[in-house]
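We just call them A, B, C and D in the order they show up, numbering each chain from 1.
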Amino acid sequence: MTARRIEHSARSMPVLSALRDRWAQERPLEGVAVAACLPVTAETAVLVLALQAAGAAVALCSSNPLSTQDDVARALHAAGVAVRARRGASRDDYYAALRGTLDELADARCGVLLDDGCDLLSTLHDERADLLAAVPLAASEQTASGALRLRRLAAEGLLRLPVVAVDGSRVRRVVDTRWGSGQATVDALLRGSGLLIAGKTAVVAGYGDVGRAVATRLRGMGAHVVVTEVDPVAALEAVLEGHRVLPMADAVREADLVVTATGGIGVVAAEHVPLLRDGVVLVNAGHFDVEVDVAAVAAAGTRLPRVRPSLDTWQLPDGRRVSVLAEGRVAGLAAAEGSPPEAMDVAFALQALVVRWLVEQHPERAAVLPVPPELDARVAELALAALSVRVDVLSEEQRAYLSSWRSGS
Amino acid sequence: MTARRIEHSARSMPVLSALRDRWAQERPLEGVAVAACLPVTAETAVLVLALQAAGAAVALCSSNPLSTQDDVARALHAAGVAVRARRGASRDDYYAALRGTLDELADARCGVLLDDGCDLLSTLHDERADLLAAVPLAASEQTASGALRLRRLAAEGLLRLPVVAVDGSRVRRVVDTRWGSGQATVDALLRGSGLLIAGKTAVVAGYGDVGRAVATRLRGMGAHVVVTEVDPVAALEAVLEGHRVLPMADAVREADLVVTATGGIGVVAAEHVPLLRDGVVLVNAGHFDVEVDVAAVAAAGTRLPRVRPSLDTWQLPDGRRVSVLAEGRVAGLAAAEGSPPEAMDVAFALQALVVRWLVEQHPERAAVLPVPPELDARVAELALAALSVRVDVLSEEQRAYLSSWRSGS
Amino acid sequence: MTARRIEHSARSMPVLSALRDRWAQERPLEGVAVAACLPVTAETAVLVLALQAAGAAVALCSSNPLSTQDDVARALHAAGVAVRARRGASRDDYYAALRGTLDELADARCGVLLDDGCDLLSTLHDERADLLAAVPLAASEQTASGALRLRRLAAEGLLRLPVVAVDGSRVRRVVDTRWGSGQATVDALLRGSGLLIAGKTAVVAGYGDVGRAVATRLRGMGAHVVVTEVDPVAALEAVLEGHRVLPMADAVREADLVVTATGGIGVVAAEHVPLLRDGVVLVNAGHFDVEVDVAAVAAAGTRLPRVRPSLDTWQLPDGRRVSVLAEGRVAGLAAAEGSPPEAMDVAFALQALVVRWLVEQHPERAAVLPVPPELDARVAELALAALSVRVDVLSEEQRAYLSSWRSGS
Amino acid sequence: MTARRIEHSARSMPVLSALRDRWAQERPLEGVAVAACLPVTAETAVLVLALQAAGAAVALCSSNPLSTQDDVARALHAAGVAVRARRGASRDDYYAALRGTLDELADARCGVLLDDGCDLLSTLHDERADLLAAVPLAASEQTASGALRLRRLAAEGLLRLPVVAVDGSRVRRVVDTRWGSGQATVDALLRGSGLLIAGKTAVVAGYGDVGRAVATRLRGMGAHVVVTEVDPVAALEAVLEGHRVLPMADAVREADLVVTATGGIGVVAAEHVPLLRDGVVLVNAGHFDVEVDVAAVAAAGTRLPRVRPSLDTWQLPDGRRVSVLAEGRVAGLAAAEGSPPEAMDVAFALQALVVRWLVEQHPERAAVLPVPPELDARVAELALAALSVRVDVLSEEQRAYLSSWRSGS
């Protein structure tokens, strides 16, 4: 049953699966120790098994005990992975697991750390500086906030190994940040509210990658989109793509839906509550649950009994009703299924390629490195192959022309 | 609790609620008996209570015992409606309920029948011709198939009362057939498959109102859409709207998704199974479950255990996997929530207006009548008002110009 | 040179050319006299030569002496067509030409009249009733206004022959009214104003076929579209397609562009002039030049010297400038090139098919007839073939299923 | 008359005009000498007059004698600008004008050079090193190719002053590269070919900013778009935005239109000619006329006499006809009107802001500098103001949250 779920995930992850099949022949990670701190899910299992198939000895702990799937942990253990993860583990257990996972690097010829939020790497720096001296180590960090912590470490001269920050990857941005999040947010809105989107006025706050994707998808479902921004260039971009741009205080007066995607705080705030239309639904697509001030809505009205699973509705004294999706948490994850499998596939295939690149290129400098462009290209090539899409190849003449032009003739 | 659900539905049905509020003052249906055969749901309850508030005595039986919500039946009964409906009622009970409901018309000043599939009207003609002689009766039929039966009756000279066929209404076509079904189908696909639609090749069979809406929505979610058609004018329309048009035998070779919306049979058939791509998902958006030949898929492969609730997957001998959503039944209903509330609102508000129109205009001719255009306009006006949208009004001069031009100058 | 232009037009009219090539073999119009009153252009020449190649004896006069191309008239004359047309002909010459053209029908086995505005048919009824008695005649009328005149004639019992009104054709509506006019209007705006459409607020008055096409195209060029309407159902349709709908008095306050497509009068009128934004461009896409009240704009300001060929600009006392494209005449025709050749092709191929159908089916009833659906289908098939698009064909089983369902099972 | 044209341009350039009006009060460039080498057009005149109004002494020569508008030169001369420009000037005159223009910097308190292609700056380095020693100088370069030359100079350690390269500006990319070029290309296609775009298969080669904009606009006009690429990430992006991606050799077999936007060479080449469909139109949107191999088309067929001004058609031996727009030169410029005025406005307003920034910040380092982000923001703000669009302003709390998150908490 668990095996079936893992196999089903593998089917939905053709890029990673293609790498696994090839690497099972080539064994490029023979003798490499991988210490991974990741959410323990079926998708992660596919990554871990691919690394193992490539020859690596993998140790795994959970970056988020609340979401650990124990059956997956068991299945991986049975497959020979050194798993240290249990759903709902305590804080002490959590740190013990990190330490145990680091231990597995001790005797390796070389080691790679896969981190998701920087806890594994912090522990390495704080407690196991010895390992850094004994084993050639390198790492990959999955998240933007993890990368931030590492950059501060580097700025202070304290970073001790090369780390690739995967979040800046071009292919990930296109597939995951943009269209993955755009779809997940619409999906959440459909499941959560059941409303007809066509004909509604939808306000999208923030026109970065996520906001732009959400705006595009909502328009694609027939909404009239209004964008709010604080950055004039982003606002101009929205205008040139045919969206109306208004200050939030004007926008909320017309909104049937509001979706926040700013990365900021208090985007829909107490001051907007008196301006909201009856029946409005507030949705957050940003990372943290601080963009919609749910407390301010709650303070202004009386909560009605839930009629739909992820939707809370408050009735204001003047009769207007205001609904909030998923308590203001990131809607795609909290009220739908999060990133579609194709997006996980790209993200994890990139991780696998980064591991191999670190092993083969062993960059020396202790720095936060961007994803090498050729790895982005490799993942995109495999993703296109999975869709049976072929592209052109530059002829010699074309390549010469382009590079002469770029280097100057 | 049931009262709350009914009230929640009323909130989502602003058009019908606006009529109810006004008619509770005007009482235009005072003394009218309404005999309704409809699905017994919270939305129907809103309609029934609105008719009652307008002065009508309403009797209700269920047009589909399988979907009867017993708590709603009880709540309506408590509110003074003559309800004859029970979930899972037997065939005998079903016909007894029809007859009992007709009985309620016996002593009325005048009566209106609301039908959904023509069973109530058939029973009237077959068994209660006496009523037709005793009470001035008129009717409204909700469905296309009911209207078909009535038109045949009329053609044979057997129809005995005026019946408005609601299915041809312009406003219903726009709101329900088109954008309601377009959204419901995308919703079903998201919940059912979880796949990223962006970047997929989606084949839409049939470019009528539904197919066109589905194609528009799928493109809006980032799919590359291919249309198949048998009608050259519809095909040309699809081409001019930027879609690729191919014969199905070519289209399926490239399809990641296939959505049928033809009203026909065997659109994806045994002959196409050998041509399907690995991982394809087959979805039906047509009324009957005969558009995708699920049996042919099943016969060609081995069914895998379900991983997602509404999705069945077969593995073919050569390793390809083919999935079918909701067993080939109309996906929006079977794998999502059916028509969005805004669409039900329009449909039922139109029913209410038809009842009033029949009572006030009492058309004499025993015929199947179209929805009077002014009722379409009325519903559209109320729907616009619910969205706070205002429109222009022709000046006298403009009206004169338009009609002189039309009648010839 | 003229021959080259006619041949170039034929190349751009693949549907009509395909009919010509086939009919040159089959000669289905052998012995038929065709009397045509049409604009004398290269496109018309292609139609006339196709009818001649099919065996017809064709007589041609001009429906609009101002647009007659004398070289085309000469080339057709040289090819054996009885042409009576000269650019700038006087009113008397015009009627003489009509009469002369009718004369050519006198001795024919049977005759077909092709009219464009109903003048030829009026003259026939008024002056040559004898012909109606002597020769079996039928006709085709190209325009909506001509069809109107004929319908009034029929209503008064005065119509004496069967006439097909081509303007109602489904395929023409899709190709010409809708996407042809949509493109022509955008084209006129680009040539006429040179402005960047992206980022502009464009108000479209009227959401019929033309307005909807214009709105779609303007959105496709990056404008934010606002629709005005007087018909609530059309307004609701615009709302559900994601457009903002406002009354004109509100809309003009935000408009950078206004495009009228209502078929009405005074849509942008004196009362709106005080509300217009500085720099606004007013454009008419409706048939007559009465939708934008140019005189009201002129009365309110001082006309500036022209800087661009089709654009007049008035400066209002308060400094605002208001521009009008093409003096308020239908912009696609007056400031661009009118219907694209593909639209003319469809319109004229349909005319040719109607001629043949009238000859072969010789409908008896003196009435205004719609285009037989099979002719629409035939034109669409040929247009698809010209684009190399293939469609499916119903299997026997599918056809049986569909017709049983439609006729009732 | 010339004054009127310049004033009309100023009207269409609200951003630059707003700066001019403000700076005429503030006089921020008092005492500054500006030496500009730019195309001498009405738009340039608006820029030059704005710099003059701000207090600068401006000397102007032409970066492209072929496009010099002599009346504009005269009008600027009359206004006190030291103009050295004549249409069709010889090579010697051209260099004499450059030298003369540099001379004007000799006695200034400080000087700024505006260059367009790097000829002025090259001459400065080669012949007037003395000026570099005598006067504090800084510069701005408008073009990508100019910036390339400067970067090579800098790499060799030979650059002697700070130069801002304007081509990388974010706001310019959005307004000009993207939506300006997208519209200009569609405009060229409409004027040049007159074809109905709806229903056509349009191949777009290259999915960078320009190709993406062209693809978006062609889809917006109803084309079915096929993209070709050599970069897998860009290809994947096109796929995820719903476009079909094919290798060129497959794409041309289906193309009714081909638009190249790669920056490369031989994108439609001799090998593709045998595969082209009858009637295809080839269009280049790239900077140089080497993307479509026009010679290869010419070699394969016989040129037909021109029927439309910017369109050449060749007939191949097998009867197919192939047309090329504007001889393969960048279509928006060669067959339409180039960048819309709104795009010129943004580009030149940015130049003006860069001049002021250089004067006020006087960066010391001899390097090629990016446009400071605050200038991009300033231009965007003014462009939004011209469209009457307002945006939000971060509250203190929001600013603190965002920066704490970014700098790490």
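Just a few scattered comments:
Basically, a residue touches a chain if its C-beta (ideal position, glycine included) is under 8 Å from a C-beta of that chain, and two chains touch if they have at least 3 such contacts.
A quick map from chain label to UniProt name: A, B, C, D = Adenosylhomocysteinase.
Keep in mind that what you see is a predicted model, and the values were worked out from it rather than measured.
Think of each touching pair as a link: the shortest run of links from subunit B (Adenosylhomocysteinase) to subunit D (Adenosylhomocysteinase) has 1 of them.
In terms of C-beta pairs in contact, B-C outnumbers the other of B-C and A-B.
The distance from the centre of subunit A (Adenosylhomocysteinase) to the centre of subunit B (Adenosylhomocysteinase), each centre being the mean of the chain's C-alpha atoms, comes to 40 Å.
The mean-CA centres of subunit A (Adenosylhomocysteinase) and subunit C (Adenosylhomocysteinase) are about 54 angstrom from one another, to the nearest whole unit. Note on chain placement: the centre of subunit B (Adenosylhomocysteinase) and the centre of subunit C (Adenosylhomocysteinase) lie 37 Å apart, centres being C-alpha means.
Multi-chain contact residues, meaning those touching two or more other chains, occur in subunit D (Adenosylhomocysteinase) at positions 179, 198-199, 201, 219, 222, 236, 239-240, 387. If you check the complex, the residues on subunit A (Adenosylhomocysteinase) that touch subunit D (Adenosylhomocysteinase) are 148-149, 152, 170-171, 174-175, 178-179, 228-233, 235-237, 239-240, 245-248, 250, 263-267, 290, 376-377, 380-381, 383-384, 387, 389-395, 397-398, 401-402, 405-408. Of all the residues in subunit C (Adenosylhomocysteinase), the ones that touch subunit D (Adenosylhomocysteinase) in their complex are 4-5, 8, 11-12, 175, 179-180, 182-183, 186-187, 190-191, 194-200, 217, 219-222, 254, 256, 277, 279, 305, 307, 321, 336-337, 340-343, 387-388. In the complex of the two chains, the subunit A (Adenosylhomocysteinase) residues touching subunit C (Adenosylhomocysteinase) come out as 198-199, 201, 219, 222-225, 236, 239-244.
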